[in-house]
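Dropping the structures in below, format is structure tokens.
Common to both upcoming complexes is subunit A, partnered first by subunit B, then by subunit C.
Take a look at the complex of A and B:
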């Protein structure tokens, strides 16, 4: 198996740092993200290395908490998306016919909504909060992943080893689980990294609009939303979470590219 | 090397920001706002010509659920919009004194009698002259309605006319806030002839004596007002047209000010002055208001967490009003008791029983009530600075071991949750009251049987209600201050609605486009009170 290239390894290292950052927040490193520790709107300095916000809270623990919230939400959402898309994509691709038409049309309906509009609709129904954010990310990322998995499943279903399994009497679950799923797993993994970056962006957008996580919990979206209001008077409020968000999305996409190179070597890389 | 370069770039950017920001700390700006004249933050330049279009932006439209009937309007944002088309017998000056408006003068032959002499040159915007019948009819309609404002008028015995331009109101008992209660939009003079013959429905049509008439309204989008050509005050309104855009996002209103598409906007962020510091032609002013935030603790919910007064008193003790004012409101608010801080005769919040106790007392009360691990949800709307106030409350109560979960929603959803059901299902909620111009007026809302809107979450307290009524009867002076102090102390102990801090009103306007008049203080949540005076320098 080919090793990931240096750029992808760098992206992976960035992601690991962010995960450590988030775990550090859980362990209390950096301080209490909700505690009022000093004067309001102070620039970076001793005691508050990333400055303080409009409520006198240190931005460092808030950015750390925000990274954890955003990564956790996005990761859970992508796992749900992967499970749903794999199930319906494989069944639609393998069985074809009316089932394929039904799944594809449903997916196209979802696909026709811009992600953020869909997210606002979900938040309006479920009420603002983490559940709404989670559901929004899932609904925003399901269409593309389902279509790609279904396309991969169509190709795999026509392979000789699948036909042999069917002729030898293998039941449907076994055919799908043992012969189709492993051969579309690469597509799911690659698409998962893309969905992760979409999830972060959707969470950010949703929190920016006030439908995401609720105060005082921090997410990168919440921090950027509040920081944007103070961009002129207190630029440090948006710089920290903004840089982290850029790094996170960049790293995830770079890792995704590396995975694609490994799993689909004939494809052309877009970032080299 | 690229990742290293990227990391260096990020580090350099962070360092540059830190260095650039050093010394530019945004501190809470405390103290009174600079006045251009006693009582005024801005005075319109009469030398400028009249006419032109004035573009305004506000964050929320009127509450269409109750229509546009001024007597049924129950929120300050609606009063503000309706005040452009409707007027009252009296108004308030910059020092909260009652001033003539549609009544050019009045007499008080006895503490229960008020005789109003109406202006003879006043017409409704349809051209019909206003008469005493309209005033009497408006009173009778208001008293017979379900208006929340009905209780603010006191016990009215009769309203009679003496000729076409004199109206006499007789009360059953003395009621000191009576004139101040007449100064608000729900007490506006309506076109009763048209309402009685059903040619006008005030729920859908605005027909008043005010400086403007509605030309167009798109709910939650915009209002367009044209000058009332029949308006009685010579030379007013100065601007021919008012375009009011509803822009819920604060950033949109700030951008509109910066790019000149709005000449004036109301802002929610207490740090707006700092954020607009770079916009040379934009001036940001902060009105001190008698409005104040308060915390509602629902005692009527099934298995309410606040049924025991000790729990509510513990919360009142644990709240740090000064910190809420300094942190959440950037130093622009003031701690308040149930009588609004800033009004003559109001109680001193530092003298309240809860203010003399500490966190240990709060913990002891919680222990006595068996509520050591109290956890509750605080429902708030997302408009700033309510979320900031809620988060400081959360930090305050954490000191007493109370866990607060904040539930943030849009204003319509919040209103439905808090006022939509009886008994209400929320735990606690945050809102604000207009503080009006008399310290006894807002205390009326502590009697749910009279207020009505809080009957779903507040249990009446007979002793408190009696004290509120007694304070209303006392004439201004030392005896009334003593009576109001008793109301404050009792409301503090009752603690079903806990007063927090006054709510500053931030207004920004473009000095190259507008010369407005603005009071330094406001009691009815009406930033647009003097909009008829505003002179347009250039229309956008």
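Take a look at the complex of A and C:
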């Protein structure tokens, strides 16, 4: 197996740092995110390395907690997306026919809504909160993932090893599980990373609008929204979580590109 | 007429088979006959060569013969009986070695797993059969642990042949099984097929657009053109005195 290139390794390292950050927050490192530690709206300094917010809470533990909330929410959502998209994409791609038409039409309808509009609709139905954020990310990432998994499954289904398995008498679960799924897994992994960055952005946007994660729980979106209020007086409030959000999205995309370069040439290699 | 070999018992018979594909939107739907009133039979132990230019319906014929495609009209008989409604009932009795060495094996499965799969599907014990089959096709035992990308095209087709033979089928389809290989490797694989046939006694439908390769392995030749079988003859007769004008042209091009 080829190794990831340097850029992707860098991205992976960034992600790991963020995960350690988030785990550290659970272990109480960086301090209590809800404790008032000093004067209000102080710039970064000893005791509060990312400054203090409008209540005098240290931003460092709050950003750490926020990263954790955002990453966890997005990761769970992407796992749900991957499971749903893999199931429907593979069955639609292998079977074709009416089922394929139905799945693709549904996906197209979903795809026609901008992610944030979808998210607001979901929040309106489910009520603002983490569940709404999770459902929004799932709905926003399902269409693209399902389409691409289906396209990969169509290509794989036509390969001779699948035909040989069918000729040997293999039943559907075996054909899909042993032959199609392992050969579209690369596509699922690559699209999963991209979906994760979309998820982070959707969570940020939705919480920013007040429909996602609810304070006092911190998420990157919540912190950015709060920080926006004091942008002139205390720019560090928005800078900390903002930079972390951008870094997270960039890092994930870079890792996705690296994965794609490593996995997809084999998946989509032409018939030469 | 199309060639039934009188006297010899047939493993596979196609009787007046027509396959019509439809494509395009409703109202402006295009209909295409990939097979038109095709009658063929393959006797037990015999190799029938099927030749014809690209698009003439050879692969469609093999798919019908394998029960992967139901004919639009006509009948298919396997071992004297009409084709069962569920083709799984014939699982293990027919196998195929298909065209593209690159896609003939699942890249995510070890060679040994691929060879064992037809047995696993039938719930039969695998035992030493994988090693034995690999040996028969001229590959060492150590190949079982390798992945397809570590093999050459010729080696991959050998593995495909091992996989096809592992259930001791009565009938094997070779669809362009050597076409993508170098000429010297082609000869090796064709020899292997002949040797194995002598040993196992399977019947074969050997499809190729390469008349030279077919001549090497086939007992009889059927020629297809735009979905129809235009001539069936013994190999010797066919290559010395082709009856149909189209066959003559094919042979001249050789």
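The working rule: the second predicted complex is superposed on the first by the 264 of 272 C-alpha atoms of A that agree within 3 Å, B and C clash if a C-alpha of one lies under 4 Å from a C-alpha of the other, contacts with A are read in each partner's own complex, and residues count from 1 in each chain.
Note that contacts are C-beta pairs under 8 Å (C-beta built on N, C-alpha and C of every residue); 3 or more make two chains touch, one makes a residue touch a chain.
The shown structure was predicted, so the numbers you read here are calculated from the model rather than taken from an experiment.
Residue by residue along subunit A, subunit B and subunit C are tallied for touches, and B comes out ahead. In the superposition on chain A, A:43 makes contact with subunit B only, not with subunit C. Legend: residue contacts after superposition of the two complexes on their common chain; A:55 is shown touching subunit B, with no touch to subunit C. In the superposition on chain A, contact of A:27 is made with neither subunit B nor subunit C. Look at A:179: by the touch rule set out above, it reaches subunit C but stays clear of subunit B. Once chain A of one complex is fitted onto chain A of the other, the partner contacts of A:125 are absent, as it touches neither subunit B nor subunit C. By the document's definition of touching, of the two partners only subunit B reaches A:229; subunit C does not.
Within subunit A, no residue touches subunit B in one complex and subunit C in the other.
Taken in their complex, subunit B has these residues touching subunit A: 2-3, 10, 13-14, 17-18, 20-22, 24-28, 250-251, 269, 271, 274-275, 277-278, 323, 327-328, 330, 382, 387-388, 390-392, 394-395, 406-410, 413.
Of all the residues in subunit C, the ones that touch subunit A in their complex are 66, 68, 87-88, 90-92, 94-96, 98-100, 102-109, 114, 117-118, 121-122, 160, 163-164, 167. Across the complex, subunit B is touched by residues 7, 10, 14, 34-36, 39-45, 51, 54-56, 127-128, 210, 214-216, 228-230, 232-236, 239-240, 243, 247 of subunit A. Contact residues of subunit A toward subunit C in the complex are 159-161, 163-171, 174, 178-179, 182-183, 266, 269, 271.
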